[in-house]
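Chain naming follows the written order as A, B, C and D, and within any one chain the residues start at number 1.
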Amino acid sequence: MIQFQCDYNEGCAPEILKRLAETNLEQNEGYGMDAHCNHARQLILQACKLTAQKADVHFLVGGTQANATVISSILKAHQGVVAAHTGHIAVHETGAIEHSGHKVIALHAHNGLITAQQVRQVLHSHFSQDEPEHMVQPGMVYISYPSEYGTLYSRQELLDIRKVCSDYQIPLFVDGARLGYGLASYQSDITLPQLAHIADVFYIGGTKQGALFGEAIVITNDAFKRDFRYHIKQGGGMLAKGRLLGIQFEELMQNDLYLRLARHANEQALRIRDALIRKGYPQAVPSPTNQQFFTLPNDHIQRLQQQFIISVWEPVDDSHTTVRFCTSWATQPHNVELLIQAIERL
Amino acid sequence: MIQFQCDYNEGCAPEILKRLAETNLEQNEGYGMDAHCNHARQLILQACKLTAQKADVHFLVGGTQANATVISSILKAHQGVVAAHTGHIAVHETGAIEHSGHKVIALHAHNGLITAQQVRQVLHSHFSQDEPEHMVQPGMVYISYPSEYGTLYSRQELLDIRKVCSDYQIPLFVDGARLGYGLASYQSDITLPQLAHIADVFYIGGTKQGALFGEAIVITNDAFKRDFRYHIKQGGGMLAKGRLLGIQFEELMQNDLYLRLARHANEQALRIRDALIRKGYPQAVPSPTNQQFFTLPNDHIQRLQQQFIISVWEPVDDSHTTVRFCTSWATQPHNVELLIQAIERL
Amino acid sequence: MIQFQCDYNEGCAPEILKRLAETNLEQNEGYGMDAHCNHARQLILQACKLTAQKADVHFLVGGTQANATVISSILKAHQGVVAAHTGHIAVHETGAIEHSGHKVIALHAHNGLITAQQVRQVLHSHFSQDEPEHMVQPGMVYISYPSEYGTLYSRQELLDIRKVCSDYQIPLFVDGARLGYGLASYQSDITLPQLAHIADVFYIGGTKQGALFGEAIVITNDAFKRDFRYHIKQGGGMLAKGRLLGIQFEELMQNDLYLRLARHANEQALRIRDALIRKGYPQAVPSPTNQQFFTLPNDHIQRLQQQFIISVWEPVDDSHTTVRFCTSWATQPHNVELLIQAIERL
Amino acid sequence: MIQFQCDYNEGCAPEILKRLAETNLEQNEGYGMDAHCNHARQLILQACKLTAQKADVHFLVGGTQANATVISSILKAHQGVVAAHTGHIAVHETGAIEHSGHKVIALHAHNGLITAQQVRQVLHSHFSQDEPEHMVQPGMVYISYPSEYGTLYSRQELLDIRKVCSDYQIPLFVDGARLGYGLASYQSDITLPQLAHIADVFYIGGTKQGALFGEAIVITNDAFKRDFRYHIKQGGGMLAKGRLLGIQFEELMQNDLYLRLARHANEQALRIRDALIRKGYPQAVPSPTNQQFFTLPNDHIQRLQQQFIISVWEPVDDSHTTVRFCTSWATQPHNVELLIQAIERL
C-alpha cells in the first residue's frame, strides 16, 4: 500500500539523519542550551531577518505541545483564545487548551480561514458589553498558516487581523505546523520575515516538514519572552537531549532545505490535484498546498483504497465522501504517477 | 572538557541510530499505531512476563510528560499524589502536576527514599480525620526506582509500600526514568517482572538509558488503562512519528541491550566511587547506581572542573560542596581513567 | 425606577428572613453538618420521593459554583461536557468549566433547548471515529430546566435525552437554577420526583427563587456521590455557616413555599406577556415561565426605560431590539399593573 | 452543650440582621454593583485611609474562595505561592490553589509564622540557580494575619517581609480571615491603614468576625486591579445578590462594630487563657487573639467535653492532647464563666 495519508508517514530528510549520526557521540549540554540549538537559533533569526535582541527562539517537540505551551504562557486565568472552529486547538488536541484552563473561543471558519472582521466583531462584542466579566475575555488570536485545510491567508488578510489585534492590544499567534508548505506555495504572497513581523509569536513546523519531530517557536513580542523556558518545562516539552532539535533545525535552515522540501511536496500535491480536476471531481477546498481535499463517489474511493491509503475526511451524502490526499517532503514522484494513473482509471 | 554531568550528554546507542537509518523511508502509521510500536510492545511485555491482556504499553517522549500524563489520567480533581520531597515531580518539573490541578503531598525522604510506614501514616492520618474533605485526598503513591539520588528500594520495601497502597485501594506508580541502572545494579534484588507485578503503572526509561528519547509506560491495573491515549494526546505526548519510539524500544529490548548499557554505566560509576572512597572523600548518598554523590573541598572541585564538567549539587559548609558524578551508556572507560587519575592527584 | 431586570433584585422571602432571625444565636456545627441542613435534606428527599439511601443532598451558594463543582467532580481530565451553545456554562460563567480543565462541547440550541437527536449525533460521531483520542471525549450532558430562555423540555424530550445518556453510559446533569419556575409553569408536564428519576445530578435553585442565595444539589447516581464534599470545599463552595443554607431550604421546602413563590412569578410574567402580545409585539422566544423575551422598536424601549429597568438582550436590526422582562417571587402586582399600562400607552 | 469550637457557630451581629430585614424589599442591581456595596467600599477605603484611585474593593463569600481567586488572578502558569506550611491555603482548602494550577511553596512555620529571612532564602535560592526553570517560580507571598494559630506578626516583621517582596518584585498577599481579632489584640502594633500600605492585596474577613459570610478584598497594587471581576465570576464568587455583602460590610465598618466585636472575642479568649495558665496547663502556642491552644491531659479534656465542645487539635503524647478554645463576637460571658469554673474544677 502506498500512503498519501499524512505528512508524517516517513522518517526525516537524509541530511538530518546523516548529521545526527555524525554528532552522536559529541557531549552536549542538555535542555536546549547546547551549541547546535544556539546555531539553529541564529539561522532562524537570520531567515526571519531578526536580531537576537528582537526575538527569542525555542524548540519544542510537537505541535499540540507548542500550542498549549504558548497559549498557557500568554493567557491569564480569565482569558480565552480566539480561533477558527476548524483550528487544530479547537478540534484535534483533546482539549489541551482547556486542560490548561482556557476556553477556545471558536469563530465559524470558511475553508479553515477566519476574517479580520470576524475577529473584530467578537472583540467588539465582548468589550462593549456592560458586564463583560460574565464571559471569557478574548486574550489572544490563534490562526494557522496554512490552515488545517491547506488554505492560505493573503498578506493583506494577515495585516488586517494584525490590525485588529493591535487595536485591542492582544497578541496574534500563528501556528506554523505546516509553515513551509504555505511559504513555498505559488499562492503565498508573504515571506518569512514578513510573517515574523506580523505575528507576536509563531512557529516553524518541523514534524510535518521533513524533521523527525520539532517545532521552532519564535517570540517577537517582548511581553511574552520572559520565563518562557519555565512554560516549556512545565508543559513537558523540554527535551533532555535538546541537541536533537538543534541539529534538525540547523539542517532545515541551511541550503534552503526547509523550503526545498516543501516545494517538492506542493508540486506533487498539485499534480494530484490537477489529475482529480481533469477527471471532474469537485474540489472540496481550494488548497494551494500539500493537502488536497476532493469529493469522490464512495465506490471510487474504495477502488483507490485497494492500492493507496488516503484520509477519509467526512461524508457528503450517502454516496459521496470528501477525502484528503496529502504529500510530504518524502513523497516519491513515481508513487504520485501510480496514483494519477489510478485516478485516470476511475 | 569531559562531561560527567548527566546521563543525557550524548546521542543514542549506535544500534538505534543504525535502525533509524534503515527504516527511514518506510511508510508507517502515525501516533504509535505502527508495526514498530506494536513489536516493541510485545518485547516489553515479554520482558515483563506479561500478556497483552494483562498490561497496556504506551510510549511517551520524556519523563516530565510521562509523570504528568499518568498522574493526570489517574487522579480525580480532589486528589493529590504522595511522593518523596526529593521526588522529581515534587522538585524538578516546574509544577507540571499542579498545572494539571493536583497537589504533590511530599513526605520527607531519606536518601531519596520513603518508607511504607511514612505512606501508611499519611494515609491513616488523612482518612481517620473527622472532616478529611478540607484537605487534599491522597489518591496515589509515586516513587522512583532508582530514586533521584541513585538509591534503591529493596524488594521487601517495595512490597511493603505496595501493601499500604492495596490496604487503602490507591495505586502505586513507579517512575523508572533510570530503571535500567536500578535493575542492573549489584544491589538490586528485584527483576522487571517482579516490579511489573508490584506497580499499577510504571515506566521503562529510555531518554537517560541510551535512547535519543522515550519512556515506555506499562499499565497493569485495568482501572487505569481505558482512554489512556486521550491523556497522552491531551498532554502533548503523542508523537506524530510514533515509529521513532517503537524503533528505539525495539532495539533496547532486544539482545539485552537495555541492561547491557546500564551495567556499563554502573560499572564506570563504581570505578569513580571507589576512587573517591580510596581518597577518603565522604559519600553523601550511598548510591549503587550510575549517579554518585560525594562531598569535596571546594578547591578540589575547582581543580577537577578544569578538566571535567560535573554537577554541583549543594553546598555543605563554607568550604565543602556535594557534587554529582554521573555516568551513562556512553561513558568512555578512558575518560573515567582520566577522572580517576585526576581524583588521585587531588 | 421599577425593576423587571432579573429575578435577584430583592432580598428573600419573609419566611426565610424571619427564621434566620429566630435561629441567629443558636450554636451550630459548621460546613453543612448542622441540624438545619440535615432537616432540609430530609425535606428535599421527601419532595423528590427519594430515600437517603438513594440520593445525597448538598448545599452550595450559587449557580456558577454549583455547575463547576458538579462537572469537575464527574469528568475525568480528557472529558468535556455537552451543552447548548446558549447554556449558562457555555456563555455566562467566565469559563469556569474550562478553568477546571474541561471543554464545553456546544450544540446549537433552538430557543435554549437541545434535542436527544443532537446529543446522540455528537456522541455517535465521537465514539465511531477511528482515532477519537484526538478530540475531547464527551463525558456528560448538561441541560437547564427551564433553559436560559425560559423554555421547557417536555417530559418525553427529557426521557429521550436520558435514553441517549444511558445508551452511552454518561450522566445527565440538570441545572435547576430556576427549577421552580419550570415545575410551576402551566406548560410543564413533569414533577420533581420525575425529574429526580431522570437526572443523575440536578439542583434546586434558591438564589433566583426566593432565597438570599443557595442551590441544593441532589445526586441520585451512586457513582458520583463519593467524596463530593471534597469537591465542594475545593471549589470554594463550602459555606462556613452552612446553617444559612439549611435554614433557607427548610423554609422553601415547607408549606409549598418554593412552588408558591414560583407560581406567583410566572403569573406576573404571563400578565406582561399577554399585554405585549395584545399590543402586537413579536415574542422572541415562546417562554412559559418568568422570563419573557420580546422584540420592540428601540424608541418604545426607551420610553419604557424612563420608568422601568429591563434587560436589553440583543439588537435585531437597526431599529428593533429584543428585551427581557423578568419577574420573581418578589414582583409586586401593582408594579406589573404600572408596566402593563405603560405598554398599552406605547 | 456550649460551643467554643470555632468562630462561626452562630449567625451574625444583630445590627446586620436588622439591616438585612430593613432593606429586604429594596430593588438592587446584582453582582456587587449596588449602592450598598458602593457605600461599603467607601467605608472600607476610609478605614484604610485610601482613596478610590488608590485601591479597589471587592466582596467575596468565603475565605477559600477569596484565596483561590486572588492567587489565580495574580500568578502566571509557571508560578507558585510561598506560604507557611501551616497556612490555610497549604493545608485546609482541599488543594484549591493546585486545582487552579499553582503550587503552594511551603516554608516551615513556627507558631504559624514565617520570617522575612525564610522568604528571602527561598527566593534567593530559586533565582540564583543556573537553571531555575526546572522548578516552580515563586510568584507571590501569602501570609495570614493573625496566623492560623492566632499569632501575630509585629509591624517590623511585616515590613521586613514586604521588603523582601519588593526586592524580588513579587506581591504580598495577606489573608485577613480573622483580621479584626488581630488588629484588636493587645499585642498588635499595626493599624488597618498601615497594613493596607504594606500588602499588595489583603482582605478583611467577615465570616469569622460577625457577618453571616463575606470577605472584603482590598487591592492596592495597580498591577492586580484590572479584570479582577472576571476572576471573581470565574471562581464562582460573584454573589447574585451582592447587596448582602454590601449591607453586611456597611454595618461592620460603621460605629466601630468590626473592632468592637473582635475586642469582645479577644477579651473572652484571654479570660479562658488566664484560667488555663492559672491551672498550670502549658500553652501550646502563645496566641494573643481569639484562638487559644493548650495541652491538657486526655481525661481532663473528656471531662470538659461533657459540657463543652472544643476543637481537638493534635495528640501530643499518649495521654496529652492539644485542644483549641475559640471565641467569637457571639461568645456569651456567662458561658465563659461556666467554662472557667469547669477548668478550675479539673
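One rule holds for everything that comes next: a contact is a pair of C-beta atoms (placed from the backbone, for glycine too) under 8 Å apart; a residue touches a chain by one contact, two chains touch by 3 or more.
Just so it is clear, the structure is predicted and the values come from calculations on it, not from any experiment.
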Counting C-beta pairs in contact for C-D and for B-D, the higher total belongs to C-D
Among A-D, B-C or C-D, the pair whose interface repeats that of A-B, with over half of its contact pairs matching by residue number, is C-D
Distance in whole angstrom between the CA centres of chain B and chain C is 49
Distance in whole angstrom between the CA centres of chain B and chain D is 42
Note: chain D sits from chain C at a C-alpha centroid distance in Å of 33
Each of the following residues of chain C touches two or more other chains, namely 72, 77-78, 93-95, 99-101, 133-134, 137, 230, 233-234, 238
Listed in rising order, the residues of chain D that touch chain B in the complex are 77-78, 80, 91-95, 98-104, 133-137
Seen from chain A, its contact residues with chain D in the complex are 31, 72-73, 76-78, 100-101, 131-134, 137, 227, 229-234, 238
So, in the complex, the side of chain B touching chain A is made of residues 1-3, 6, 8-12, 14, 17, 20-21, 23-30, 61-65, 68-69, 72, 93-96, 99-100, 207-208, 212-213, 230, 233-241, 243-244, 330
